[in-house]
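Structures are listed in the sections that come next.
In what follows, chain A forms one complex with chain B and a second complex with chain C.
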Partner chain A sequence: MSAAAAVSRRYRLTARLSQAWAYAFTGAMVLFSLFPVYWVFATSLKTKRDGLANPPLWIFDPTQANYLKLWSHDTFKFTFLNSIIVTGIGVALSLSIAIPAAYVIVRMKMRGRRFFGAWLILAYMLPEFLFVLPMFSLYQWTGLYDTHAGLALMYQVHVLPLSIWLLSSFFGEIDFAIDEAARMEGATHWQILTKIYVPCSLPGVAATAILNAIWIWNELAIAIGLTFSRAQTVTLGVTSFRGYAALDWGAMTAASIIAIVPMLLFAVVAQKHIVKGLTLGAVKG
Partner chain B sequence: MSEIRFRGVGKHYGDVEVITGFDLRIHDGEFMVLVGPSGCAKSTTLRMIAGLERITSGELLIAGKRANELLPAERNISMVFQSYALFPNMSVRENLSFGLRVRKTDSATVASEVDRVTGLLGLGDLLDRKPRQLSGGQAQRVALGRAMIRKPNAFLFDEPLSNLDAELRVQMRGEIIEMQRKLSTTTVYVTHDQVEAMTMGDRIAVMNKGCIMQLGSPTELYRRPANTFVAGFIGSPRMNLLEPGDLLGDCDPTVGIAHDRTGKLGIRPEHLLVESDDGAVPIGDARVTRIEDLGHEVLIHLRNARGTSLTARTGGRIAETVQSGQTVSLALRFDCLHSFETATGERLT
Partner chain C sequence: MTYEIKSIGSSAFWFILPCLFVLALTSLYPIAFGFAVSLTNWNWGVQLDFVGLANYVGLLGDSEFWTVIKNTVVFAAAATSIEIALGFYLAVQVDKLSIPTDLIRAVIMLPLMISGIVVALMSKVMFDPFLGVVNYLIGAFGFGPSAFYGAALTAMPSIIAVDVWWQTSFVFIIMLAALRGLPKDPIEAALVEGASNFTIFWRIKLPMLRSLLITVVVIRAIDTLKVFDIVFGTTGGGPGLATEVAQTFVYRTAYSYQQIGKAMATMILFSLLILAISLALQGLRQRWEADK
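Showing the complex of A and B:
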């Protein structure tokens, strides 16, 4: 065997080994992160006795009793519907504010633009409870407490900064000459935004909507603070299986699985948009 | 009437003065080229006409009316951008008709205007394509069509050919000239390419640092450059600009031309004769440092005994007799010399 062939073989072997390590590491990380989901799913399929067995049972007779119990549990169904409504309002509200705001930030010379950018990041980083406590009284006074609209409005404190920040970067990728060309053609800013910017950034808008929906759907802290019964969301619905003296683990884990299904389906269906949106402009063509 | 007139126009960015006291009159139906090096404010000037840049001082008149405060859309001017700026989410048809649609033109008129423009520019087969499916030349043609469809007061072109390859550039150059002649619409064309400037414009404004260095026809600019800047900028290869005595020292026959030895001399490369005394005055020998044989002509780069670098342009046949490193005799024709004042660079003769 020639020296060159030996070097080439060694190179191929090293490349394969490092690839194998990468796969092994990624696989371990996936298992680690998915294990809690598996545990919740497995518990949801166990009888009460199997669920509480110690040591835990790895092999058991699955049951659908816990899922059937959810069907007859009105509180859970009600909170699930509430979550759909609040998420819908929250996403629509965030996009309808963030889209024009991002356009203004990107395309118009505005004083204090940098300060505004810093504020966006700061607002995103603050804990939710910080807003709940002062808003509690205000919400009760204005009648927004325990309403879908009130909850969706409060969620804007968190999702708006992220949306504006994300959409600004998507809009910033559009050649400014396109904006100028449209102005020369007689288009207003609103026409430029709706007829050019939004259609051109559709993957980015979709990614923003999806990320917002996931965050709103999974939120718990604000929902605890600003709802009581009428607008409780599914995250609170899951906790409704906790009694004073006992926990219905089976029903609670089944509720958790049902609660994550819509966002899971949403993420899977829209994965292409999320990836495309979040990598928009990362590589210049 | 769509005359465009600058009256003492100034443009500042904060404390930075880009254009001061700018005066220019672009006649109705004229093809005006603004040419100059990067940063000379030619694009800023164009963008002020478009309404994309605010005018700090002075007055801009379009068709006799003050346009300083008018929005771009209110000026009825079309612009073709360097990057074409086609709307990526729209088809060619939608791109062409965009301006008419946002102005709420009725659909029958929109359709007939699209037909007219596609017929003129040969875009018929491309109407349903998206910009990403077009070649550079096709995209440029669509941008032209979008500019033409509204029948504007004036066309503005901001280096529209700089993204095209050499062959397509020549072709598009011809198409733009033809279109302008056919429509007789006032046109302002910005470029840094002097070949485009010389071949397209009725008049050329050579700009530097926000000022017009010379305004005139291509022939005027080439034959009688008003200053050393224009002399050096117009013409490729550039004019040889020499201090008196750069050729032969004290016995330099050109010294007499330069006033009291204070003037600069300009010699176009084609007026510097190599190995030829065809009625010309000999100005000594020089060593050939490099030869660029372009086939139809040869550019000979030389250095004389005084260390002066010169460029000569001759017919193609000399490449057979002259080689790099060889010493050749030089001569020039006095009637083709240009002279400029050293201090101001202004033309003397």
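Showing the complex of A and C:
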């Protein structure tokens, strides 16, 4: 056997070992990611006695009782509905503000561009309660406290910077010659934006909307600071089950599962958009 | 690539005005008003006197404040470094697989879609000291049982573990996309030259990814410094002060003790800390880029 063949054989062996390890490690991480979700889902299908069994039960008789109980839990249903409304308003608001702003940033000369960029980063990175506590008193005075609109407005401090970064990078991919031509034909900026930019980067707009929706749906600190009862979101609805930790895992786990189902559906349907949005967000941000 | 300013001046203004207005209302106003409040002893009610820097001086001389800052930094440093190492390593492994990985990525991404408060409650079920499945599982390997959130020594590591479960896939997704986007030519050339995978990773891939990696570190560091949900939902800062972090401390100071002046002073000091840390990391990146 020639030396070269021996080397190539050893090389093939290490390559195969490294492949095997890659599969094993990935498999372990898939289990690590999945197991808690599986376990909590399983717990939500257990009767109270099965849920608190010691040692934990792996095989049990599933019951829908916890979900039926949750269905008659009016406060929780109400918070779920509130989250749908607040997420809807928040996403609509963020897109209608960020789309024209991103267009300006990509295609127009603007004074104070660097200052604006630094402002976006600051708004995005500073802690929630720095903004929430002063807004609490402003909202009390103006009647925005505990309203869907007030909450959706406050969420803009986080979703606007992200939306502008994402949208301006999607808009930047559009060939400048196209809108140059449109401008020659006498199109206004509004027409160029709505007839060319938005339709051409619809997947990017969708990715932005989805990331904003996920962020708003999952947010707790701002919601806890600016709502009390009427506009409480589902994260607060789930929080109200915190005290059940030692008593009734069924209700707590069922509420958790219901609260995350919309986002899990998103993840399945729009994985590509989410990945693209997260990746671009990191590169731009 | 830009229009002449005179032809677009006014429409540019109208296009960006709503954005400036909303950002000013939701960020500049609170910072200005909050700073003013931090110079008072306001209690949300009638008590409102100017106290100068008394809140700041009081905080800086208060051992509780320093414990909170220490906890926050320990949490952020530990969670960020584990997430970066684990997420990047996982991305390298998944990048090697020769099967379609969309489904794998979707499953690993699952925790990232879940809200922090739900993650917190899930972990309370899993980490229950008496009936939890985690104690059962580590018991099978001869460890534990651990009190997890119930003891000062284990509470912080438990919360760090929860954040690692929750956020590692963020690092994974970005680094996987970056690894796949690397130019093929230099890697193939090195393979032809007989370079090992190990060498290719350290000498070719890592230098090209270093700048992005720092960005991901900055994002994770800021996010973990701001931690609120998973502490609020699990230990609430306890036992004692073992897991009290900046934002849960401020929440308690403002809403339970009605010391809004002190709470705002804490937030201002903490914001300065976040700024300093991210500027330091940014400076590190610039130095590295200058080295190249």
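Methods note: the second predicted complex is superposed on the first by the 245 of 285 C-alpha atoms of A that agree within 3 Å, B and C clash if a C-alpha of one lies under 4 Å from a C-alpha of the other, contacts with A are read in each partner's own complex, and residues count from 1 in each chain.
By our rule, contacts are C-beta pairs under 8 Å (C-beta built on N, C-alpha and C of every residue); 3 or more make two chains touch, one makes a residue touch a chain.
What you see is a predicted model, and the numbers here were worked out from it, not measured in a lab.
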| item | value |
| --- | --- |
| Simultaneous placement of chain C and chain B on chain A, clash or fit | fit |
| Chain B versus chain C as contact partner of A:Gln64, first or second or both or neither | neither |
| Partner chain(s) touched by A:Gln191 [first = chain B, second = chain C, both, neither] | first |
| Touching partner for A:Trp249 - first (chain B), second (chain C), both, neither | second |
| Spatial angle chain C-chain A-chain B, Cα centroids [nearest 10 degrees] | 100 |
| When both partners are placed on the shared chain, which of chain B and chain C touches more of chain A | C |
| Which of chain B and chain C A:Ala181 touches, first, second, both or neither | first |
| Which of chain B and chain C A:Thr142 touches, first, second, both or neither | neither |
| Contacts of A:Ser229 with chain B and chain C, given as first, second, both or neither | neither |
| Partner chain(s) touched by A:Ser8 [first = chain B, second = chain C, both, neither] | neither |
| Least C-alpha distance (whole Å) that remains between chain C and chain B when both complexes are overlaid | 6 |
| Residues of chain A at both interfaces, chain B in one complex, chain C in the other | 188 |
| Chain A partner contacts - residues on chain C that touch it in the complex | 1-5, 8, 11-12, 15-16, 18-19, 22-23, 25-27, 29-31, 33-34, 37, 44, 89-90, 93-94, 96-98, 102, 104-111, 113-118, 121-126, 128, 130-133, 136, 165, 169-170, 173-174, 177-178, 197, 212, 215-216, 219, 222, 225-226, 228-229, 232-233, 246-247, 250-251, 254-255, 260, 263-264, 267-268, 270-271, 274, 278 |
| Interface residues, chain A side, partner chain C - complex | 15, 18-19, 21-23, 25-26, 29-30, 32-34, 36-37, 39-40, 43, 52-56, 93, 96-98, 100-101, 103-105, 107-110, 119-120, 122-123, 125-135, 137-138, 153-154, 156-157, 160, 164, 176, 188-190, 193, 214, 217-221, 224-225, 235, 238-239, 241-242, 245-246, 249, 252-253, 256, 259-260, 263-264, 266-268, 271, 274-275, 278-279, 282-283, 285 |
| Of all residues in chain B, those that touch chain A in their complex | 50-52, 71-73, 77-79, 81-83, 85-89, 98-99, 102-103, 146, 150 |
| Chain A residues touching chain B - in the complex, by the definition given at the top | 175, 177-178, 180-188, 191, 195-196, 199-200 |
